[in-house]
Structures are given as C-alpha cells and as structure tokens.
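Letters A, B, C and D mark the chains in the order given here, with residues in each chain numbered from 1 onward.
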Amino acid sequence: MINVTIWNEFLHERDDLDVREIYPDGIHVALAKGLGVEKDFSLRTATLDQPQNGLSQDVLDNTDVLLWWAHLAHDQVADEVVDRIQARVLAGMGLIVLHSGHMSKIFRRLMGTSCALTWREDGARERLWVIDATHPIAAGLDAFIELPQTEMYGEVFDVPAPDELIFLSWFAGGELFRSGCAWRRGRGRVFYFRPGHETYPIYYDERVLMVLKNAVRWALFDGNTTAKGIGEAVHQPVIP
Amino acid sequence: MINVTIWNEFLHERDDLDVREIYPDGIHVALAKGLGVEKDFSLRTATLDQPQNGLSQDVLDNTDVLLWWAHLAHDQVADEVVDRIQARVLAGMGLIVLHSGHMSKIFRRLMGTSCALTWREDGARERLWVIDATHPIAAGLDAFIELPQTEMYGEVFDVPAPDELIFLSWFAGGELFRSGCAWRRGRGRVFYFRPGHETYPIYYDERVLMVLKNAVRWALFDGNTTAKGIGEAVHQPVIP
Amino acid sequence: MINVTIWNEFLHERDDLDVREIYPDGIHVALAKGLGVEKDFSLRTATLDQPQNGLSQDVLDNTDVLLWWAHLAHDQVADEVVDRIQARVLAGMGLIVLHSGHMSKIFRRLMGTSCALTWREDGARERLWVIDATHPIAAGLDAFIELPQTEMYGEVFDVPAPDELIFLSWFAGGELFRSGCAWRRGRGRVFYFRPGHETYPIYYDERVLMVLKNAVRWALFDGNTTAKGIGEAVHQPVIP
Amino acid sequence: MINVTIWNEFLHERDDLDVREIYPDGIHVALAKGLGVEKDFSLRTATLDQPQNGLSQDVLDNTDVLLWWAHLAHDQVADEVVDRIQARVLAGMGLIVLHSGHMSKIFRRLMGTSCALTWREDGARERLWVIDATHPIAAGLDAFIELPQTEMYGEVFDVPAPDELIFLSWFAGGELFRSGCAWRRGRGRVFYFRPGHETYPIYYDERVLMVLKNAVRWALFDGNTTAKGIGEAVHQPVIP
C-alpha cells in the first residue's frame, strides 16, 4: 500500500465561482478521486487552513508520496512545516509538485533557485511531448498529450538542470517549457509536473491522471536505507 | 516473468585450471544459479561458441535483460550480432555489462568512447561504496560491499558521464573507480557493474548477487512504447 | 589561433538549382566566410569528394574543432575516416554537428543510438529558446532566435540525454525539439545544433553565426592531458 | 580583470595556536597571496567579524567569483547576507565552496540538501584523481594530486548529483569522496572543492592553487544575460 497525501492550498475553490464550478470540493478532492481508483494507493488530503497546515510530523511520517498544489498563499505555509517536509524528502518521501506549486517554499527550498518562469493566462492549446521513452512516468501514453486550454508557462524555468527530463510542452502562442522534470534530493525523489491550472478541468483528464499515478509509483522510495551521511555529518572511525 | 539471458565468452573456464576450479561450469552457469532463486526470473544462457554466438534474433526477441561477461575474445563476437543487440537495447532490452565486458564491442558501441581504464591484477582489497541512496540497484545493501581480493580498475574510465552513478570503488593500492554506472540508450537501460574477475569467486557473493538481481529489475523496460523517432527518421505530417 | 575545419558533403549545392542559388559555393564556403571574421579562427574546408573525404590524418591532427554538414550521402564517408575522426574527438578535438548531420556515421558512432527524429519540410516558423543561461554558447543572444522558414525536426530525438541542454526549438506546426545539445566524449566536446537546412539561407543569419562562433570557442580543448585511461586499457603498477 | 572575493570565517586562526602557525594571517590571506600571482585577478578578502559579515551589497555587486571557507560558525552568518549571496549567484556570480564550507548556510541553500558526509581527522593520505579530462578545472594537473596529510571526508555526500564530477578522492583509511563537483544555479556556477583543512598547509600546495585558479576562471560568468524567467515569474504577452 502506498500512502499518498494530497496537499492543496484550497483558496481559489472557495473564493472564485469559476473555479468552484470546476472543482466544487477542491482540487485535492478531485485528485483524490482520480487517483483513488488505484487499489494500492491509500489516499488522504491536507490543506493550508488546517492546524500545522495539515502536515503534522505524524501525517508526514505516514506519507510515502506527497502531492502539492498551491498558488496564492505560498508565504502562509509555516517555515517549520517546510523544514519538516524537506527533512522527510531527504529521508526518502517522494514529492510531486504541481503547476503553480513551482513557487512554493518547499520546491524552492529543494531546488536552491528562484524557480521562476514566464506565464500567460490565455487558455490556448498545449502539447506535452514525451521525450524520454525509457521513463516509467511516461508509460502508457501516446507520443504527446494535447490539452485544449491551458495557462502558458515559458522558459527560462529557473531550476537546476533536471536529473531526468521527461516531458516538454509546446504552446500555441510560441513558447515551450520543461514540463516534466525529475530530481533526486537526499534519499527522496521529486517530480515537477506542469499541467493543472485552477480554471481548466485538467485534473479530470485520464492521461494527466495516468502521469500522476505513474509518478506516485516512481517516487516511492525503494533505494538504500543504510548509507551514512544523509542528514548530518557523522564521525567515521577507521573500518578495519 | 522477466526473461534474462546470461552471455559468457566461456574461454577462461575451459583453458585455465585455476578458473575452472572456481567456476567449473562457467561463469554463466554460476550466475544462472545465483539469480535463479528469484521466482520471477526466467533464465537462459548463451556463449560465444554457439551458432550466432548464441544470440539469434529469436533469442534476443525473447530477452528482457541481457547480462554480458567477456574478456579474451571481444573481437570474435560477430558484428551482425552486435548490430542485433544494439537494436534490441534501443528498442527497450536491458543490458548489464560485467567487469572486463567494458571492452566488449557492444558496450563500446553503446557508449561511443574507448571504455578504457587502468588495471592491476594484484588480488588486493576493494570497497564498493553506495553513493546514490535513492537508487533501487543499491536497495538492501549496507553502506559498502567489501571484497577481500579483486583485480584493480582505475580512473580515468573513458565512458560518457553516467546518467546515474551508484557505486564507487576504493582499492587498497591507491586507486578508485566508478564501479556502478547507469545510462539510457534509446528505450533501453544499460548498467555497468565492475566486480567479477574470473580468478576470484565474486559471483558467489550474496551482496554481489543482490546488486545483479536489483539491476535486472531496474533494467526491465517499463517506459513509453509509442513515442516516435526511436530507430529511424520518420516524416511527420502536421497533426491538426 | 583556433584551427577550424568545416566539412561539407557538398552535393545539394551542385545538383539542385534552388540550393545553388542560396549557397553558390557550397555551405562550407558560406560558413567559412561567416566564421572567418573572427581573428582568432584559422579556417579550412573539406568535402566528401576529396581523397580520404578531405580528412587525412594530417588534416585532423591540425584541427582543433571540426564542423560537420551532411544529408544525402552519410554512407559514402569511409569507415576508416570515421574511425579517425572518432579517435581525434576522444583525444580532444571538438566536433560541431549541424542539422541533418544527426544521421552521420560519426555522430551515431559517438552517441551509440539511432539519432533518429521526426521531420517535415514545410518552411514554417521556428523559435530557438535559450534555456541554459549559464552557457557560453548562448552568450550574446536574446531570449530566443526566430527563424521565419525552417524544416521541422520533432521529438523523440534518439540521443543520450545531453550533458548540457542549451536550446529548445518551438515549431509553428505543433512540435518541439532539443536543438542545442552538448556531450563530452573522451577528452573531446561535441555540440549538436539543429538549424541549417539547405533550402533556407540560415547560415547567413548573424545570430546563428554567433552561436557557431561561441560553440567553436567552447569546443576547444582546455582540459587535462595527462589523465590515463583515455584510449586503451593500461596496466597500472602500484604507485608508492 | 576578474574580481575575486575570498571569504573566511577567520576563527581557528585566532583561537588555535597550531592553526595560527600554519596560517598566521588567516586562510583568506594565504589564499589571496596564492591566487594573487595571477595578473587578471583582482583580489579582496572578507571575514565573519566585519559589518554585514564583510559582504555588503556593494561588495557582492563588485564580485565576479566568491570563495568561501568556514567551519565553526556557520550559524553566525546573517540570514540576510545569505539571501544576498544566493541572489548574486542566481544572477551570475561564481561561488567556490572550500572544504568544511559544505555545511555553510549558503551551500546548503543552493543545494537544497543536508550536504552532510562522514569525516575523520586522522591526518592520513589522500589522492585526488582527475576523472573528467575534458574539464578546464583539471587543466595542467597530473593524473592525480597526492596530499600526504588530510582530514578524511567520506560518502554519502548528501548533495544533488553534480552536473559535472571532476575529482574523486581516495583516502588511505578505506573511504572515497566526490571531491570536485560543479553545479549550475540560475545564471551562476558553483564549484565545491574538498581539500583545505585548517591544520594542514594545503593552501600552499601549488597544485591545489592551480585548481582554484582554474575554478575562478571557469566560474566567471560568460553566459546569456537576456533570458527571461531568472529571478521572478514574469507575465509574457504574446510575441507576434
């Protein structure tokens, strides 16, 4: 069983009628329904307005993979919660950052860069091309996913060169973007996936959900637990 | 079921008494026994002296992951067999290259470099340190594997910078080496693993076998099968 | 002084009136004029029809950076010439592969993959976006280069994940491409740059020439010449 | 002229007689003398005890490459100074982090990981092997640098996989370490170089100084200054 926690800021859906129409119970609930069909996923959600932003040590300790959606209120996530998430990622928890989550504290913390980009909210067409055919996150897809209406994100995407670059997006207006990027941090795996603006029903798209399901399985830790040096500097006596 | 083919040059074991004592039926048979305890592996072996070097199109088409051990007779592998293996790797077959297989035609073909290194056959001590704790190939190991007697391999290892660097070897004589390296080529995954000299009983070591089992599962293709452009240039009409 | 050799297949320009109109003396001569304004470049050209395809050992030994344009006759380049070029790259010569040169023997040799892609000759618009702002090959450019008419190249571009990804191309017809990629092989540096179809006057574009000038300087070897293990396996006695 | 600022915590040299004997004026002054022979370097130093830790906005704005040595008092560097350095790196300033600087706030900020490792202060022998012969930071060196007495640093070094791995260290006691690693962050280049413990006279070693000189030249920004998206998300109108 993979323990998945879906975190959502959950502000747009309460304040904005257009968004509420698409995601009446919030993006987190839509995602939980979409991913919940997988029998090996155990899902829970958490939101900004909950105590400790819904991410107590106990919740995080029982999370294998965390999904993160946010846009308006990155600054309202408590620094101690960000510290806690970072520590869990470095200890092996997977993290999947969605769309405008690129400017979240936790993503910027793990990247070390501004994570800035260019954007245009024009509802134009996007094509997400698979460029790494070896990658399990791209399994089951066609050569590309077409989304009829999206917000545009353009380069330069100010992140460290990804360890694995899986998707590139083409936008009708003339821009392109590294839309599916993977990094390793400590013992943890991090995946950024661009699609998912609040005013388009993107998280109901079966192919987008397929990517997220693939990403959850990829992000699940199955590496080495005994290597030293992850977390704090330790004195190493001579090993005979 | 994962179809694994273990290829061995099978010359040392027939010509050299010391080697025969350690691997009486050949390195391939020792490996097949060691890996054969896994219930999801279906194993076969192939050797240089067989017709088509044991690797007919049919054998390769029914191989998910190929292991390669060779040393004395790299040049005797037929070029058309090498072409065939390369095509299968680019189409998604996994390839695990062992020890002196670094100078094999197929490895040099996939790397594009000389794959040279420095070496010393002195039976001294080696420590293989895990340096990528996120990696499934390192699962279940301690911080390092110690091998009491090995041949030394030293840097520069003339290969492209690996996509993933998993093990580094320390040698008592003063050298070190990138001993566990992974690359992606086409739809296929390639893993080079250094241990395994013919005069030391390394393929009976449980931790070495654990690495190889992990590597077989990692090398199994689970990526994207529909992406265009793998294999030959194709005309792309406008997609409306 | 940087010794630059520009190699051109030189077939289209003799057989095809449309191409001759654009490049009357051949693509190699146009490039030599464009790059020749740099006072620290010493330029020569070489073509397929010359003895040894214009690339004798002596020419290669006196080449710091080799540019390669080809399309129709990749197979006519002699294998021994390809061997010689590969050896020089591994020894430190820079190589810049242009446009349809992606299917050349030397590029496929150095990559180990099919180097295939998808294509459409429709004269539509291309935008080459800079995505690595740290890179000297992108120095002096604006955020993107727009080319009004080009042949389209689409993903999947079947090459190893580049060590450095510098440009991505957007095409009006809905595709995108990794258009500026760098790899290290042995002691040598390899840069692939997509623009340059024979029926468009792309090699007269000042920004395209700026990229090529930057690339020549980047590809010039300034690394380490004494590291062992590049070229052939060497015995290493114990170093006290 | 390359403006180089050498930052030193400057505590050991005042409090510890053994260290003062080796570096009577501080590690920063020893480094400034060692690097100062280069005619194209303009050097200044800065220390923890100065106002703003010696790194005012003005000093940083006039620094092309910053070197960083610290050990005892990482926490005493002001957070606003760390913010300022990070912003300058993302804008193109080079950063060279030395030895125990791996636990500094600025390095951990740029890496996003714990940057931990294992260590042993035993004054044993170290060999730094060059493993990337293409790299300008390794120019002019032999196959390895031997340091007779050093502190040991061992893996796992909890940093993101380096964009370029240039040196690996072998230690007599059985450990190894990724001792020369390069990353790109924003428009800036970051190099970590392991040698340099305060109780060994390592910064007087000509080969260590050669690496640092090479690294300063490599870290100097010569990339692209006009790419958008570095620093803050910007609205992008349609470009006709």
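Here is the rule we use: a residue touches a chain if its C-beta (ideal position, glycine included) is under 8 Å from a C-beta of that chain, and two chains touch if they have at least 3 such contacts.
A quick note: this is a predicted structure, and the numbers were derived from the prediction, not measured.
Considering the contact criterion stated above, the chains in touch with subunit B and with subunit C alike are A, D. Touching subunit C and subunit D at once are the following chains: A, B. With rounding to the nearest 5, the Cα superposition of subunit B on subunit D corresponds to a rotation angle of 180 degrees.
Inter-chain centre distance (subunit A to subunit B, centres taken as mean C-alpha positions): 34 Å.
Each chain gets one centre point, the mean of its Cα atoms, and the points for subunit A and subunit D are 32 Å apart. Chain contacts: subunit C has residues 130-133, 143, 154-157, 161, 163-164, 174-175, 184, 186, 227-228, 230 touching two or more partner chains. Taken as a contact graph, with one node per protein chain and an edge wherever two chains touch, the assembly is complete, since every chain touches every other chain.
For subunit A in complex with subunit D, the touching residues are 86, 90, 103, 109-114, 116-120, 122, 152, 154-158, 160-161, 163, 173-175, 183-186, 227-239. Of all the residues in subunit A, the ones that touch subunit B in their complex are 92, 130-136, 138-143, 163-164, 184, 186-189, 221-228, 230. Those residues of subunit B that touch subunit D in the shared complex are 127, 129-133, 143, 154-157, 161, 164-165, 168-171, 174-176, 178.
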